[in-house]
Amino acid sequence: MRIGMLTGGGDCPGLNAVIRAVVHRADAAGDEVIGFRDGWRGPLKGASRPLNVADVAGILARGGTILGSSRTNPYAQGEGGADAVRATMAAQGVDALVAIGGEDTLGAAARLAADGVRVVGVPKTIDNDLAATDYTFGFDTAVHIATEAIDRLRTTAESHRRALVCEVMGRHAGWIALHAGMAGGANAIIIPERPFTVGRVCDWVNSCFRNEYAPVIVVSEGAVPDGGDELLAAGGTDAFGHRRLGGVGTWLADEIERETGAESRAVVLGHIQRGGTPTAYDRVLATRFGVQAMAALHDGESGVMVALRGTDIVRVSLDEATAELKTVPTTRLDEAEVFFG
Amino acid sequence: MRIGMLTGGGDCPGLNAVIRAVVHRADAAGDEVIGFRDGWRGPLKGASRPLNVADVAGILARGGTILGSSRTNPYAQGEGGADAVRATMAAQGVDALVAIGGEDTLGAAARLAADGVRVVGVPKTIDNDLAATDYTFGFDTAVHIATEAIDRLRTTAESHRRALVCEVMGRHAGWIALHAGMAGGANAIIIPERPFTVGRVCDWVNSCFRNEYAPVIVVSEGAVPDGGDELLAAGGTDAFGHRRLGGVGTWLADEIERETGAESRAVVLGHIQRGGTPTAYDRVLATRFGVQAMAALHDGESGVMVALRGTDIVRVSLDEATAELKTVPTTRLDEAEVFFG
Amino acid sequence: MRIGMLTGGGDCPGLNAVIRAVVHRADAAGDEVIGFRDGWRGPLKGASRPLNVADVAGILARGGTILGSSRTNPYAQGEGGADAVRATMAAQGVDALVAIGGEDTLGAAARLAADGVRVVGVPKTIDNDLAATDYTFGFDTAVHIATEAIDRLRTTAESHRRALVCEVMGRHAGWIALHAGMAGGANAIIIPERPFTVGRVCDWVNSCFRNEYAPVIVVSEGAVPDGGDELLAAGGTDAFGHRRLGGVGTWLADEIERETGAESRAVVLGHIQRGGTPTAYDRVLATRFGVQAMAALHDGESGVMVALRGTDIVRVSLDEATAELKTVPTTRLDEAEVFFG
Amino acid sequence: MRIGMLTGGGDCPGLNAVIRAVVHRADAAGDEVIGFRDGWRGPLKGASRPLNVADVAGILARGGTILGSSRTNPYAQGEGGADAVRATMAAQGVDALVAIGGEDTLGAAARLAADGVRVVGVPKTIDNDLAATDYTFGFDTAVHIATEAIDRLRTTAESHRRALVCEVMGRHAGWIALHAGMAGGANAIIIPERPFTVGRVCDWVNSCFRNEYAPVIVVSEGAVPDGGDELLAAGGTDAFGHRRLGGVGTWLADEIERETGAESRAVVLGHIQRGGTPTAYDRVLATRFGVQAMAALHDGESGVMVALRGTDIVRVSLDEATAELKTVPTTRLDEAEVFFG
């Protein structure tokens, strides 16, 4: 069998570990693997390279993806859809695809499967907001990096009796903020799932100072205050990431200082959360995903993706997997609130 | 309610995170907490200290346990058993216990519960070999440390074309070796669950050198060769850890060099795997365990322990939890073998 | 002898290591130590606490300062100057001071020494811009953190063929950018000592893309373009760190994208560079500074500070030490430019 | 000009950074570089590969050496000496050599220079025991790794009230033990420069336990007790590193337990100290060494090596550099002893 592999969407620590695992597992079974470049652009335009065991030596611990990535969608206007993908596969003798990516990449994979392309998916999202899998690789690394940052901010907060706001990734789901905030002992965690009021946050801030602590507040980039108009005004939509650099974190530090009079600072972690070497946890999960994606192909599967359930790697339909966003349940946030203030 | 808490068995990153969580959750509910010193010795002899929110400030990220630990078993000859524990609890006005520990500590807790002592358990084992929970805190930290070591050994192996053997913890179960080996891209992983032959290991070693790699072999301290007599001879049972320092890892490096003629070295990670700051993963898990242990007490539970199932914290009977050892299933080792040689 | 110790200015990893060293060295000599709170505010207002060996247990590896800090200057309008300091010292039986801080803190120490107060200084600046010492503690930690971030940004840059701009600390001197940039293999390093042109930066960016690399540019927060008016306009002077969060890094990424058409992103490391546990290098340097500051007092010195020269800790006059800013010499930047583009 | 480069002796983090720097600097000057394989074996047998800028992409942060290493000495019986080296250089059109290594490698370089071969040296020793340079790359990384280990051992020591002995590298000089011990807050540091008595060590151990601490003792692998016969008996000279794994650390833990009755454990860090990614400090130093070695060649130098003096890279004669071992001066150990017990 000849397998074509691609990585789509934002980069994520562990992508190379999946690539390596697919190649090793294929090699063990006597299959060939080629890597398509830049997400779906590869299968559409035909840009690819052979991948053998030697090609993936030493990439397990490397962040990013050796295949490059893109947000190209085969079903977008003028991209040629399933026919273009099939044509490339036929021209390069590719029997099946392994598509590694998030909602968009896997959504396209689901549609291709419905259109008769043989494809198995591997879920990837740093935000951990993909339904049907307990965790995705890259998330643990992002939480690890954010936690390290929170540990550092705490010592500077304590030394200067300042409030420090740490803005982490998470546009629609607060998983990174929740886990990094719990791991870092945050005095408040603010996530998109629960609109916040500056007043409530300032109550926590003031109670920290009363108890001789300096507060560290962790906030998801996608968190919005009740009636987020002010934020919208403050945040803007500058194409150069002003939303990211001048977003909710900076705005909130500003509000806290104005309301409480306590010196406040914001740090926006941004891209450092998604790069670098994956944690051991993510390397293991990504490696298992790669091995089991190949196993699924060997079992004749298509239109499924691998997923983590407890300690097992299972297979779920791509439709189901991409149907809904996995957000933080109220019970998890309540668990964290025990430590607020 | 007044809760007594203790930590038993070997130390483990995350113990302090559990202690902190129990105290915060109790404080939020208006309960008092006292910490018993040195595992079950505390409730037997009465050595304890009050624990309030201020006492646990800043311990979340610290390894070890502020309560100290011991291997004392209340049911051991002359320790006084349930009566002694009850007497101390009565004298100090303690209504219920939170016992944090591994098989032995929780086994005693189960027996005390059967004898009418109100107790909830929190599972702790770096080896991850406790049944009834997907993972235990401390394990991820140990895997992280071992993986870092393997990453380092690889570069020195490559530079000198040596075989490097890394001995990690795991007397009865190979979880640390399996995960750290997968995460570090080990060329062979040897665990107690599957007796090994030097010949097989040397086949992997030779195939690495043929393919211009330098092999890194990860071995559990409890792994034994088919007919482990030679090892026993080599290892001995010296009370000063000679078993650890001169055990299977050193012996195997010796055998590999003799069989293959390739220069071989062994590193025994030993205690550095169980100390230091817990990973973000372990801090979150330990914190959730602590919160949910208190929730169980508030629900009037006894004789149960908290456990991780998928992403949920559930409650399982202490008897069930300590009934059997959780070893590595064959399927997981097969998954890893894809990368051997 | 009874010594009063204080930490002034911005917090810096290693301050606690100095405090611990002073206390241990004093204890060994039979001296007493008290810690003044919040920089010079302590000696002015009298807020202090005794410090013995037990008080400093476990702080060696902790960032920040257990004494708190401030920017209070005893010679500022209404602070009371040398008389107020002498009065507090007399009231608390303090014979001499150990002042740990940067230009401002040591400048005040120099003036107090001239006014007859017995004081020895310990230099502290993350920016490493203090004359008369080869290095200051905190700098290596900041470089370590920034280098880690650059390593992470590189993988994401490569995966998306983006230009990534990393803004690091350094208002007047580019030491952190120079060292972190060299250590991270930056494709351009921009520092205050050498005004830059967007055109030159874009030449490096384009040459990277031509050679199939994705550029990572490291820029000091204090770097200014030739004729920095646009920047001033972009940066603003928002009291809530907008200068920091929306400063040269964001502006430069914006310019690069506009000039080259290549997707560009900025990350501003901000406060995470100054917090957290110090590197081994900084712990050793800070510890030696503390020991040698006490040795200077024992030798009857005043008006001097300890400094690193090669591998030796020497004593230099506080006047000399605070006379001028240590900026990056041209030769060092030329060394780095070998790797640009 | 055409330069031949080689790396000799034990591997060391930063070797690849030197290689990269030499290639970039040569490329900027229009020179060619070839890399000889496996230390002096390359120039003797002719095994080499061209090295251009693309070949060294991404190696800056990688431990080990892409050129491989060996302990081959060109002047050893039957190796052919200067004539063989000259013959290879002539055959491959090599004008000059850059030799990166420790005492042996540089000793051979010095002799080749005397015999008319044009060669510049770059010092390399993890032990930091090479005279004529303040520091060598690799040392800071080794200290960083050892310090991390000591931090971890402390928490486990505290939790179990055990004495923990950490054996680090350093056969003839105690630099790693001294710096890692100071950085880790060791309660005793034992180095080859000062023979120790078990009695003295036990005094420190007992004073720790009296003051409610658990002692962590750092010992160089080359440390010997007054009259080291017992140790010799215990250590042996097993070719498989038994000296390393069963050496002074294990022996000392054994003695401490016997003398004090306190449970004692030993950890031997071994090879993990010399592998993995270099610290930022070492990457900068190694990069500067590489750049300045090429600069020396461009200035027509031969028989010199680059060295760090304060913050400057200077040139010293290879004869001088290899003349004597740099051991820890008494003053430095006295500085550390302030913290013992």
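Going in written order, the chains are labelled A, B, C and D, and every chain counts its residues from 1.
Keep in mind that, in the parts below, a residue touches a chain if its C-beta (ideal position, glycine included) is under 8 Å from a C-beta of that chain, and two chains touch if they have at least 3 such contacts.
Since the structure is predicted, the reported quantities are computational estimates derived from the model, not experimental observations.
Colleague: Using the contact definition stated above, find the chains touching both subunit A and subunit C.
Modeller: For subunit A paired with subunit C, there are no chains in contact with each.
Colleague: Which chain lies the greatest distance away from subunit B when centres are computed from Cα atoms alone?
Modeller: Result for the farthest chain: C.
Colleague: Which pair in A-B, C-D or B-D has the same interface as A-C, with over half of the contact pairs matching by residue number?
Modeller: When the residue numbers line up for over half the pairs, the pair is B-D.
Colleague: With chain centres taken as the means of their Cα atoms, state the distance from subunit C to subunit D in Å.
Modeller: The separation of the two C-alpha centroids amounts to 29 Å.
Colleague: I'd like the Å distance between the centres of subunit B and subunit D, where a centre is the mean of that chain's Cα atoms.
Modeller: 34
Colleague: If you average the CA atoms of subunit A and of subunit D, how far apart do the two points sit, in angstrom?
Modeller: 40
Colleague: Subunit D: which residues touch two or more other chains?
Modeller: 151
Colleague: Show me, using the given definition of touch, all chain pairs that touch one another.
Modeller: Every pair of chains meeting the touch criterion: A-B, A-C, B-D, C-D.
Colleague: Hey, which residues of subunit A end up touching subunit B in the complex?
Modeller: Going through subunit A, the ones touching subunit B are 21, 24-25, 28, 53-54, 57, 60-61, 134-135, 140, 143-144, 146-147, 151, 179-180, 182-185, 211, 213, 279-281, 283-284, 287-288, 291-292, 309-311, 335, 338-339.
Colleague: Within the complex, which stretch of subunit D touches subunit B?
Modeller: Result: residues 10-11, 13, 15, 62-65, 68-69, 145, 148-149, 151-156, 158-161, 164, 239-242, 245-246, 250, 253-254, 257, 264-272, 274-276 of subunit D touch subunit B.
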